[in-house]
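For reference, the structures are reproduced in the following blocks.
In the two complexes below, subunit A is the common chain; its partner is subunit B in one and subunit C in the other.
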Partner chain A sequence: MKNEFQRLGDYHREDIDVALRSGSLEMELGPFSMRLEGREADIVDFLFDAYRDAPVRLKLGDVTDVAINVRPPNIIRKYIRRQVIADPGFIVPAVPLPPYLSPLAFEMGLNLAIALKCCRFTTFHSAVVGNERGAILISAHSGGGKSTLASALMVEGYRLFSDEFGLLDMETGMLHPYPRPVSLKEKSIDIVREFTGEKWLTKTFGGTPKGDIAYRRVRPSDIQLSKTPMAAKLILFPVFQEDTPPSVRELSKSETIMKLIPSSTNYHLLGTASFEALIKMVAGAQTFEITYGNTQDSLEITRDLAAKAGL
Partner chain B sequence: MSAGPYSEQTTWTADISKMLLQPSESVTIAFHKISGDTHILNFLSAATLKILAKGDENFATAFPKILDEIQMTEHDCPASLVKRTILELDELGLVIPVETKA
Partner chain C sequence: MIRDWLKTIIGQAPMPENIAERAKMIEFADTHHVLGQMAVTWEGKTEGKLKEVLENGLLRTGFDHRMLRFEKDRITRALLGSGIAPILLKGGAYVAVGSKAAKGRRVSDIDIMVSEEQLDQTEGLLRAAGWEFDETTNNDYDIAYYRKYMHELPPLRHNKRQTVVDVHHHLLPRTSRIKLQSNLMLDAAMPLAGGKLKVLAPVDRFIHSAVHSFADGSFDTPARTLVELYYLLRDLSTEEQKNINIRAADVGATQPVATALWILADVLDDTVADTLLKASNAKPSGLIVRYALKQKLMHINKAYSAKTILLIRSHYLRMPWHLLLAHLLRKAIRNVRTLLKRADQEDS
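What follows is the complex of A and B.
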């Protein structure tokens, strides 16, 4: 049998389980190949639930961009009061989690691996969606509403680039997709369920360090277009303030740049090329800070701004 | 503030080959290749960098050249403001003292 990438959901569960245990499962999304390893049945369940449309193969083809191993933190916690951590191959502080939260460890570990080891792109902590005319980069602190807004824009017809990363190509100044499940926390789970429908959400993981977490699945079309980068046409900095009337403030290019830099994990590391790409991206985009009190307001503002930006 | 000791006779220089300067609207975005830091410079800071990149100057000799560059008078831009700007640029590492005379 040829070692080609196939849709994960088309494999037998046993095959995925064996490949995952042996550390030979390779997934390819956007510009990254990922070597996945783990022994927890919960991860296999999660992969078939949240990554069913992702291309994988059972044997490694080459060196991968990142590797993630969800394993016990030590030999004792392998057997007694079992725990898991995500090991990305380098030392990072990680809170051990119970096995039923191994999918969460897996997701957080992958995020860390990309954020700290990806040097092909300047990475910004942001959500990105787009259409055939361009991309919208949404930059906010955790809890700022970027995942909820990105999910709402997916329903509007935008394709998902990423829920966590703006991947800026340093040569072209374009944003690359990396479509992984959208992480939803606490109240946003019910908000997204309401406009997306139950079938697009995974089960809810309770008792996590961040409260309740569920994931909005990626659509097959998002994955099919995951190698098609787009230029940013609109950059948004959403600010959620409960029961606040919606408002919009246009930002200067320089203010936009100074707001984006702190959200990057590798801007300083990559230096000149990173600066030039950032200048290029911001020059081609309209940039706004939007303040809103509910998702409907943020969606209406974004619709309006996107139309003005030619999206 | 400055990064270190200085006097009125200290001469200052700026090596703009170690910077990327991008004018943007009313400001200049400066990327410092040595530190990897990005700064937003107002018109006075940008003009100060430009003058100190052309040649070493102390506060007194830089002042009229900077006024000429920004086309302002001493009344609008007093010497103390230019001095403070040079010291702030020093603190950021964008200008450095060349020589301090006792």
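What follows is the complex of A and C.
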């Protein structure tokens, strides 16, 4: 049998399970390949739920950018009051989670591995969506509403690049897609369910350290285009304030750069190359801080700004 | 298997054909911080994903080396006018002289050494420039202990940049069983361009690395150590290589140097090291220690008994029993106190 990439959902569950256990499951999304390892049935469920359209193969075809092993933190926790952590091959301060939350450990571990190990891109903690004319980079802290806004823009016809990573190519200054499931917390789950429909949402994980968490699945079209980078046309810094009338403030290039630098996990590691790529990206984009009290307002502002930016 | 991987990492064996093994080797190189060195060795000889992954390693070490240059400059600036020219040790020195051991090497802490007479002034000037002791070591006992028994001050961390400087006043703990004539090595240190910093002489850099790895500590970064020794040996001219044994005898480091040569010859089939070892009458560490060193290198994630042997040995080498017991007791009491304090805070 040929060992080629196929849609994850087309494999038998047992095949994925065996490959995951032996640590030979390889997934490819955007510029990154990932070696996945774990023994929890919850992860297999989650892969079929959240990653059903992602290309995977059962045996490694090459070395990978990152490897993630979801395993017990120690020998005791393998048997008694079982717990798991996600091990990316370097020491991280991870909170051990019960097995039913192993998908969360998996997602967080994968994010950390990409953020800290992949130095070929300057990595910004932001959501990115785009169309055939360009990309929108949405920079906000966790809970700042970037995942909700990105999900809303997906319904508008934008393709998802990522809800966690703006991957800036240091040679071209373009943004690369890395379409992993969009992580939704607490209230945003219902908001997104309302405009996306039930069929794009995974099951909800209750009782996590961050409250309820669910994921919005990536669409096949997002994955098909995941090797196509785009230049940023619009950079947004959303600020969510309940019961506030919507407002827009244009930012200068320098203020934009100073706001983006602290949101990068590796800007400081990459020296001149990341500085120059950042300047190139910001030079080609319009940048705004947008304040809003609900998703509808943020969507209307973004529609308007996107049209003006030629998207 | 790790023997083959290490040979591949230094370019002395081909890349494994089996992809699963190749992936494991890359993960090993990354986890043990030799991916950058591997990337330098294999530069231009790989393609596809392997090339991209190695590039990650290079980019990462690029930062370390820039950081080091910057901090070297800041240390010089902090000591300006004092007439103190510290010796850069280990990675700092390798990068400063463009050693083969520096290419792609990860560097985290900066090790410098000053004479005992200059220690207080150096500490004062570095602290005035923003380096501070961590809370855990900023107490009377630790401050006295590190000066009286150890070979370096507690780590000094810069309050803005978080960079760490280890200020040495000796090359081994004062109480160490191995009596190293470090003054001979200091006298032979060579100034760098500008004259504000020095480095050990090339042969002494190899000897210091061997001493650091096999006469101090418990061989905690085995893969890195082996790669480092391999390249330090290759920095030396044939003439200098022949001098290693004589110099080691002069400074009182015959056993750690012989152990370093043995492990290079044994694990990497390093013929240069093998020839040097055979030419000397020095004996490497005993059978049990050699066994433990090799086990720890080959089975880094297991080798529990080897690790225990090396841990006990590191304490044995470090100080006489009565001092060690007093010190461990003191640390135990402190740990219990910290735990109690934490429990109290949680209660209230």
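Everything below uses one rule, namely that the second predicted complex is superposed on the first by the 311 of 311 C-alpha atoms of A that agree within 3 Å, B and C clash if a C-alpha of one lies under 4 Å from a C-alpha of the other, contacts with A are read in each partner's own complex, and residues count from 1 in each chain.
Convention: a residue touches a chain if its C-beta (ideal position, glycine included) is under 8 Å from a C-beta of that chain, and two chains touch if they have at least 3 such contacts.
The shown structure was predicted, so the numbers you read here are calculated from the model rather than taken from an experiment.
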Taking subunit A as the common reference, can subunit B and subunit C both be placed on it without clashing, or not? Answer clash or fit. fit
Report for A:117: first if it touches subunit B alone, second if subunit C alone, otherwise both or neither. second
Counting only touches as set out at the top, which of subunit B and subunit C does A:89 meet: first, second, both, neither? second
State whether A:61 touches subunit B only (first), subunit C only (second), both chains, or neither. second
Just checking: does A:24 make contact with subunit B only, subunit C only, both, or neither of them? Give me first, second, both or neither. second
Touching A:276, do we find subunit B (first), subunit C (second), both, or neither? first
Quick one: classify A:268 as touching subunit B (first), subunit C (second), both or neither. both
Which partner chains sit in contact with A:220 here, subunit B, subunit C, both or neither? Use first/second/both/neither. neither
Between subunit B and subunit C, which makes contact with more of the residues in subunit A? C
Report, please, how wide the angle is at the C-alpha centre of subunit A between subunit B and subunit C, in steps of 10 degrees. 60
Quick check on the superposed pair: does A:197 touch subunit B, subunit C, both, or neither? Answer first, second, both or neither. neither
Least Cα gap, in Å, left between subunit B and subunit C after the two complexes are fitted on chain A: 5
Which subunit A residues are contacted by subunit C in one complex and by subunit B in the other? 268-269, 271
Listed in rising order, subunit A residues that touch subunit C in their complex are 24, 33, 35, 59-65, 67, 89-90, 117-120, 268-271
If you look only at subunit B, which of its residues touch subunit A in the complex? 20, 22, 24-25, 27, 29, 31, 33, 36-38, 40
Of all residues in subunit A, which touch subunit B in the complex? 252-254, 257-258, 261, 267-269, 271-272, 275-276, 279
In their complex, what parts of subunit C are in touch with subunit A? 19-20, 22-23, 26-27, 30-31, 48-50, 52-53, 55-56, 59-60, 62-63, 66
